[in-house]
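In order of appearance the chains are A, B, C and D, and numbering begins at 1 in each one.
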Amino acid sequence: MLLMAENLSKEFFKGRLNKSRIRAVDGVSFSINQGEIMGLVGESGSGKSTVGRLLLLLLEPTEGRIYFNGKELTRLRKKELQNLRKDMQIIFQHPQESLNPRMKIYESMAEPIRLYGLADGKSREKEEILKLLETVGLTEEHLERYPHELSGGQAQRVAIARVLALKPKFVVADEPTSMLDVSVQAQILKLIKKLQREYKISFLFISHDLEVVRAISDRIAIMQKGKIVELGEPEQIFSMPRHPYTKYLINSILNL
Amino acid sequence: MVLVQTAMENSEQKAKTAETLLEIRNLKTYFKINGSIVKAVDNVSLKIINGEILGLIGETGCGKSVLGLSILRLLPENAKIEGNLLFRGKEILSLSKAEMRKLRGKEIVLIPQNPSTSLNPLMQIGCQVLEAVIRHHNLKKSEAVSKVLDLFSKLKLQEPPRKFRDFPHQLSGGMKQRVLMAMGVACNPKLIIVDEPTKGLDAVLRIEVVRMLKETASAAGTSMLLITHDFSVAAALAHRIAVMYAGEIVEMGKTAAVLRNPRHPYTAGLLNSLPGKGFNPIPGSSPSIISLPEGCRFHPRCSRANMKCTASHPELVKLNDDHFVRCFNVCF
Amino acid sequence: MHDTVMVPKKFSTFSLRTANSRITALSALIILLLVFTAIAAPVIAPHDPVAVDLANKLKAPSLNYPFGTDHLGRCIFSRVIYGTRESLKVSLIVVSISASIGILLGLVSGYFGGLTDELIMRAVDIMLAFPSIILALAIITALGPGLNNVILALTLVHWTSYARLVRGEVLRIKEKEFVESARAMGNSQLRIMFRYILPNVMAPVMVVSTLDVAHVILSASGLSFLGLGAQPPTPEWGAMVNDGREFIRTAPHLTIFPGLAIMITSLAFNWLGDWLRDALDPRLREGRIE
Amino acid sequence: MLLYISKRLAATVLVIVAASMLTFLILNLIPGVTPIMILKYAFIGLEEVPNDSEIATIIERFNLNDPLYKQYFRWLMEVLGGNLGTSYVYGLPVSTLLLSKLPATVLLAATSTVFSLVISIPLGIVSAINRNTLIDHFCRLGSLFFVSMPNFWLGLILIIIFSLKLDLFPVTGYGKLEHLVLPCLTLGSGMAAVTTRVMRSSMLEVLNQDYIITARAKGLSETIVIFRHAVRNALLPVITVAGLQFGHLLGGSVIVETVFSWPGVGKLLVDSILARDIPLIQGCILLIATAYALINLFVDLFYALLDPKIRYGRGL
C-alpha cells in the first residue's frame, strides 16, 4: 500500500472580520496502492482539489495523518519532507498556466533535472529531456517555444514530462483534461494509462466528469461537501450505487 | 436515454412543414492579422428549417463560434465576410446597419458563451432584459416590466421582483445562464444562436442547461443553432448535426444517422475518443488555421488517407437524402 | 475558450503604424543623444557653463551663443548641455534606488503576507497620504536645499509606488498554478521568489520605471525651480528656468530653452514607456485565434 | 455599505494622524541642528538680530528643549484645539494665515479639476472609439505632450504668449476671473492629459468585454451600447485615478501658485520653506495632507456608490 490518508480535514478562514470557518475537507480516509489509479469525483466546491493538495502537503492539514511509503508526512522535518517531494508530484487543470510563462520549454524541462542533479552536464541533460519528450509524444521542435505558443494538449504533455523527470511514485492529477477538447482529452488519458502500466505510477485522478473517471480509474471515491460518501470499483459504483448522491450523479450523465 | 428519443420524433414532424428559415451558401469569413489573411470560416453551406435545432460540433479553433457571430455580423472591424446569408428570403450581408440592428435581438438572437462575463456588472438584471424588450416592442414601461417578470418566473428564477433589481455579481452561474436565456427569448425570435452553453460546467449544471434549452426551444417553436464541442449535448437537443473541422463542414446529417454510423473519419474518431467509447484518441492535433495542410485538411491525422486525399481537396458530397460528407474514402 | 478572434492592436492605416514606430525610434535616439551629451559634455559645450561674462549678458541667440546668454553672460547652450548631467543623474539614481527598494519590499510583503505585509503596507499608506511633491518639500526643508537632498527626498517618496505595484503583481502571480507546481517540485522559497515570481513581475516594473524617469525629471526640476534643488551656479534646467523668470519680458530665451530640454527629455521617456507597455503586454503580443 | 463607510472613515482619521506625526518628525528631527540655530537662521537678513539672551527666552517660551514625543503630543493637543502655533516670520497664528490663503487654493484646484475632467473624459471616449485612426493618434500624442510638460515652464510660456505678447491676461494678481485663466490652464492641462490616457485605455478594456457583444446582440444602437454600457463601466477606474491625480494637483499648485504668485496655501508653503518658518511649514503641510485624505475618502465613497459589488455586497 503506497499511500494512506487517515481522518484528513482542512478548515479555511473566510474574511478578516467575520472569523467564520469553512470545513472544506471533513474526516476523509482512503488508501492508494502502488500502480493504482484512484478516481475522486464530486461537484465543484466538494473539496476534491483540496484533498489533492493536502496529500502533497501543499496545504497544511487541520487534522489527520498521511502515510506515504510507511512514513507519516505531517511529522517529518523539512529536510526529510524535501527529498520525499520527488516521489509525489501534481499536474494541473490549466495546462498553459502550469508552466512559467517566462521560461522556454527547455528551461521548464531542465528545472526538475537540475534541482535534483539527475543529469550531469549539458549533453546528458538534453538527452534526458528528449527521452522524456518522446515518452509523452512531443518532439525537439517544441523545446524552443514558450508556453503560450503551445496548444492545450501539448502544454499538458510538457507538464507530465516535467513530472516524469523525477520518476515519481504518486501523481495527483487535478482535473487534467477538463479544459481540453474530447480528442485531446483522449490522448492525455491514454498517456496516463501508459504511465501507470509502464512506470507503475499511481494516480489520484480528480474530476467532476464521472464518465472520464469511470473510464480511467481502478477505484472511484465519490465526494460531497468535504466527505467521501462512497468508494468502490467502477462497475460496482455504476451498477449498484448505494449512496443517493452517487445515484444523483449517475443520473445526470448525458450519454449518447 | 429518454431525452434522445424525443429529439428524433420532433425532427420527423418538423420535416413535413419544411420551410427554410436560414440558408448559408459558400460563407467565407477572413481576418486580416499582421498582414496575413486567416480563413476562420472557409466556404460553409448549410440550411436551418423552421423549428429545427441544428447542432454545430467542432473542437477549439475550428471556427464554429466565428460562424455564429458572422450570421449576426458581430465580428471585429478587421473581419471580411463573403457569400450569402439568406434569412427568410432576405440577404443579411446586404442589410444596412439600421436594418441589421432591427434584426438582432428581434429575429435572430445570440445566447453568449460565458454567462459570468456576458452581463453588464453595473446594471440591474431586470433592466438588461427590459432593454431588449423595449427596443423591439413599443410597449409601455409597466407592460414591458411585467413581460420581463413573467419571463423570469417561466425560467424558474425565484421571486422575480427581487431578482429584477439584483446585480450580476449577486447571482450564481446557473441563474446568470437563465437571465441570458430570458434576454434571448424576450422578443420570441425566429432563430436562437446558442454559443457553447455547457462549456466548463459540472455534469449536474450541464443537464440543467440542456433541460432549459429544451423547454425554451419547444415552448417557443423557434429554431436554434446550437454551437458546442460536446457531442452528448448536441445528441440530446439537435435534430440535425453538422461537424466542423479547420473552418469547414466535414459531415452533416440527421442526429441518429451521424451518431450511429458516422461516415467521415474525423466524426468517427471524435465519437471513439469519448470516455464512454474507451477514449481511443485521434493521432496528431488540429491544424492552426494560419497554416492549413494541402488537400483534405484532415489527411495528416486520418488512418484512411490515400494519395487522392493529400493531393486534392474533397467537396461536400450528398450521400443520401439528408447526409453530406466531405471525404474521398468514406467509412461504412 | 471563446471562438471569436482576439485581435491585437488594430492598424487601420499602414502609415499610422510606421508613424508610431518612427516616433519610438526617435525617442530612443533622443535618449541615446542625452546620455552621450551627459558623458561628453565638456567636449561638446562651446563655452565654460559657469564663466561669468557681464559684458555680453542677456544676448539673443546667435551663432556664437546658439541659445543666447543669461543674466550673468553665461552661454545657455553650454549650461543646457551640462544640465543633462544633472537631470539624468537625479532621475536614474532616484528610479534605480526606489525601484530596487520597492521591488524587494513588495516581493517580501506580497509573498509572505502576514505581519510584514501589514507593516510595509501601512508605511506605504502613510507616505502616500501626502502628494509626492509635498512630502519631498518636507524632507528637503529638514535636510536643507541641494540636489543630493532632492535625490534622497524623491527616492523616499517614489519607492512606495513600486512597493505597492510589485506587491499587487506578486499576489496575482502567487496564486498561479506554475508557482504551486514549483513548490510541489521542492523548490525553496527563495528560488521560487527570484526564479519564478520576480521575472514575471519585471514587465510592469520596467514600464513604470521608464515613465517614472520622466516623472522624476519633472519633479526634480520643479524643486530646483523653487530654489530648493540645485544651488547656483550649478547648471540645472529647473534652476535656469527660474533664473530666467525676472527677464521674461526682455529675454524670454532664458526660460524657453532649458524648459524645452526638460520637456523633450521627459517626452522621450514617456513615449518609450508607452511603447514598452504595449510591447510587453502578453495580451497584445500576438493575435491568437482560439 | 455602512460597514464600508465606517471602515473608510476610521482609516482616513488614522492616516491624517499618522501624517501629522510624520510631518512633525521630519521637520523637528533636523539632524544636528539645535533650536538656537533655527532661530538664528530665521532672522538672517532682518535688521535687528536678537542677541543670545533674547533667543534663550524664545526657547523658553516655545519650550523647544523637551524630548520630541512630548513636544509632539503638546503640539497635537494644540492642533486639535485649533491652535497651530504661531509663525516665526509673520508672528501671526498659523491658523489665521492658512484660513486667509485657503480660498485661493480651493478655487484654483476646483476649477482645474473641472476643466481637466470636462476635456479628458470626452477625448478619452472619442479616441477609444475610433481607435488607431488619426484622431486617436493626435489625442495620444497631445496627451503625451502635456504629460511631459513641466507645469512651471508651461505657466511661463503661457505668460509670454498671452500676457506679454497678446496682453490678454494679467501676469499675476488675484480677484477677477481673468487672473484665474492662465493658472487654471497650467494646472489643469497636466491632469487632463493623464486622465485622457486613463479614460482611453479603460474604454478600450471595456469595449473588449463580452457584455458589449451581448448589448450589440440585443440590437441596441451603437450610441446606447457606448454610453449606457461602455462609458459607465469605463468611468470606475478613472474615478480612482482622479483621486490620485488630485494629489498631483495639490503638489502642482505649490509650483503654479509660485509662478503666478497666486495667494494660496501652496505659495505660502514655498515662502515659509525658504524662510524656514517651521510652524507655518507644518501647518501648510498638515492642511494639504488632510485635504488630500478627505478628497480620497470622498472619491472612495463616490466609487462605492457607483460599484454595486461594494454597495450591495454579496446578495446570495
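A few remarks follow.
Keep this in mind: a residue touches a chain if its C-beta (ideal position, glycine included) is under 8 Å from a C-beta of that chain, and two chains touch if they have at least 3 such contacts.
Model, not experiment: these values are computed from the prediction.
The fewest steps needed to get from chain A to chain C, moving only between touching chains, is 1. Legend note: the chain whose CA centroid lies nearest the centroid of all displayed protein CA atoms is C. Between C-D and B-D, more C-beta contact pairs join the chains of C-D.
Separating the CA-averaged centres of chain A and chain D is a span of 54 Å.
Centre-to-centre separation of chain C and chain D, using mean CA positions: 21 Å.
Averaged C-alpha coordinates put the centre of chain B at 54 Å from the centre of chain D. With each centre defined as the average position of its C-alpha atoms, the distance from chain A to chain B rounds to 34 Å. Counting partners per residue, chain C has 2, 4, 10, 12 as the residues that reach two or more other chains. Contact of a single residue of chain A with at least two other chains is seen at no position.
In chain D, the residues that reach two or more other chains under the touch definition are 210, 213. Chain B contributes residues 1, 3-4, 59-60, 200, 202-204, 206-207, 210, 229-233, 235-236, 259, 269-276, 278-282, 285-286 to its touches with chain A in the complex. Listing the residues of chain A that touch chain C in their complex gives 53, 56, 58, 82-83, 85-86, 88-94, 97-102, 111-112, 115-116, 148, 159, 162, 166. Residues 43-44, 151-154, 178-179, 181-187, 189-190, 208-212, 214-216, 248-249, 252-256 of chain A touch chain B in their complex. If you check the complex, the residues on chain D that touch chain B are 209-211, 213-221, 224, 228-229, 232-233, 236, 306-309, 312, 314-316.
Of all residues in chain D, those touching chain C in their complex are 15-16, 18-19, 22-23, 26-27, 29-31, 131-134, 137, 140-141, 144-145, 147-153, 156-157, 159-160, 164, 210, 213, 247-252, 254-255, 258-259, 269-270, 273-274, 276, 281, 285, 288-289, 292-293.
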